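Before anything else, here is the set of structures, which you'll find just below.
In what comes next, chain A is part of two complexes: it sits with chain B in the first one and with chain C in the second one.
Here is the complex of A and B:
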């Protein structure tokens, strides 16, 4: 059962921002609603107003330009999992999207909503960090870029300001020899652990990025794990994977909960990092 | 907060014109009303079930413009201008849909609680992919939970219906 709220239906990003600025914490952006409505039904959060952003045009497109794939924040997971542009340019993200929740959630849930709600057990943020994505945000009269790795502040908390709207996600197209993979593991509806890796393979591995998510409050890039793999030959990198995994496990800030103990999750991070490296190579 | 809630608690009414099982309906809903409640309680179609209430089990599955959604977590106003199909609208001229027939013939249900959602999800799958592999079928149907059958007979039912539908098409 949902409590009564008012619905605002702005037509532009500027109007959305203006409404959020005017109503502050009593209003919330509503897109697919797959996370927000659950929290509202449970009574965990309560809003006087929902601001339906789905009438804002131009935010549900996927375009490829200048070496990057730009994804509108209102793109649904279903759009992404069936996107030819993703198949060609960002296969790891496409694969991730094919495995988000279930077919009904993918049908209405949006990538922007997923990122902004910042549910700790969400998948896309972790891979977007490893892929070096930038999040484009707008207010009534200004615009900025936030690196994906700086976007997630804590559980359910992002770098967005109160009247700031996520409009696009810009993902650099990996180089021809760029490799990436995202793997997750869990036995409940949401994953216990998610691990992403991206690198370029020129004989050895360079430009390594490692990110871990789901285990702790927010997805994190793990520079210390990257350093153990960076510039190494493939064999050397493979030998260092166990150590990199241990480092990444600690960096995950894993918490003990229904999804597993801290120790268990840290172990799984290591296992998934090894497998993600192999998956990326294959 | 409590006072603010009261101030805005006067009803906001949204006109919703939509097609339900092929017939045009014009209703008014409040923003917070859920599609599942409107369909079950206002429109009297009780095939879709409320079960988990968190988009996990699939018992409340309805098709909106042919795609499956969790009616338990869909705001009713979202179906403005859209076409909604419930299990009640699947049979045509008193003749069961091939999926319904196959579920009967292959024992695809026991208690039947998940069945409306199962059949509608399966319809969405077959409309998009008339000849799914078993792996594709399992992936698509992964979000519809059955606690009776162990799924084997559901998969057999859907595969059998797919075959019949392909022959017919």
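Here is the complex of A and C:
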């Protein structure tokens, strides 16, 4: 049962930040509520105040400017899966969003909420790392950019400070020959493993970024796997995929749980990396 | 969940043994453990364990019972507690072994940790990882404290 709480209705990011700073751990940002309210109903977390950010204007828009797509933190997954800008500029992200959870979650769950809750089995963080996204955060009087790969600290933990609010996600538009893909696999409600790859194909494979998620406590970029593919011809990169997959599997910090054993998840990382590379090429 | 740890301490076995029974100093090495009290010297103790995974916080008022004690060598203890706010219980079976190796003491422990109730919704993997971290930090803290005393 949901315990009583006070609902704050700030109208601006500065007000949100001020409330979070004032009430500390007894307050929490509330956006879509798809994960927070479940945890509250279960009694796993209790907050005296929820700070509803849905009245803050300008945080649910998708804009394309200067070689990047800027996504407001309050955009719902449904908005993203039906966005023309994403279809044109970031098809891999659109595809991912089409497969986030289920239709009910996608209607109300927000991309910002998904990233900030940092549930280990969430999808978007992994691809955003591979796409080199930056997360724009604001406080009452300051603003900063956090690279997606630095945002996820641990399970349910991010680099956000107590009074900091995620406002936008800035994703660079891939170059004309840029390729990317995200694949996931699981047999429960949430995925066991998620793998993302992004690269440019100019004769060879360059600018490679590989990220793994869901298997461990938080999504991670795997530079060692990238190094095995970087600067190689397409055929050579394909030959190195097995080794890169093994490296990425180990780097995933996979933990044995109901979603599969550590060994199983590490193996699936390898399988998905190979397939994601092929998907990105197709 | 079973965990097995071993830590090499550059200190004589007697000193490590004494340290284990110095409740205040020993408890200070257990991450998240506070308000330790002796109920019955050498037999029963109480403490509160506070642990956190992201926004999820548990507070287990815990009773620790010493089941077996073999001077300088072995301790078998059991701890259990419940967080009624969250509706979860914790049970810990602990076997501590000490053995000498030259001028060092090997402190080994086998811990069986069970978490029951709603907290289990966080997932076995996350809880296991957290428990593993706590035990590692504990082992390291014991080593640092004892070796720092030299």
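Annotations
The rule we apply is simple: the second predicted complex is superposed on the first by the 282 of 282 C-alpha atoms of A that agree within 3 Å, B and C clash if a C-alpha of one lies under 4 Å from a C-alpha of the other, contacts with A are read in each partner's own complex, and residues count from 1 in each chain.
By our rule, contacts are C-beta pairs under 8 Å (C-beta built on N, C-alpha and C of every residue); 3 or more make two chains touch, one makes a residue touch a chain.
None of the values given here were measured: they were computed from a predicted structure.
Once the complexes are laid over each other on chain A, chain B and chain C both fit without any clash.
Contact with chain B, but none with chain C, is seen for A:101 once the two complexes are overlaid on the shared chain. Once chain A of one complex is fitted onto chain A of the other, the partner contacts of A:120 are limited to chain C, with no touch recorded for chain B. Once chain A of one complex is fitted onto chain A of the other, the partner contacts of A:46 extend to both chain B and chain C. In the superposed model, A:154 lies in contact with chain C only, and not with chain B. When both complexes are overlaid on chain A, the residue A:162 reaches neither chain B nor chain C. When the two structures are aligned on the shared chain, A:256 is found in touch with chain C, with no touch to chain B. Annotation for chain A, partner touching more residues between chain B and chain C: B.
When both complexes are overlaid on chain A, the residue A:34 reaches chain B alone and has no touch with chain C. Rounded to the nearest 10, the angle at the Cα centre of chain A between chain B and chain C in the chain-A superposition is 100°. After the two structures are overlaid on chain A, the closest C-alpha atoms of chain B and chain C sit 9 Å apart.
Under the contact criterion defined above, the residues of chain A that touch both chain B in one complex and chain C in the other are 46.
Every residue of chain B that touches chain A in the complex is listed here, in rising order: 1, 4-5, 8-9, 11-12, 14, 30-34, 53-56, 58, 61, 67-70, 73-75, 77, 121, 124, 139-140, 142-144. Chain A contributes residues 28, 39, 42-46, 118, 120, 154-157, 217, 255-259 to its touches with chain C in the complex. The touching residues of chain A, when paired with chain B in their complex, are 2-7, 26, 33-34, 37-38, 41, 46, 48-50, 78, 98, 101-105, 107-108, 189.
If you check the complex, the residues on chain C that touch chain A are 53-57, 85-87, 118-119, 121-126, 128-129.
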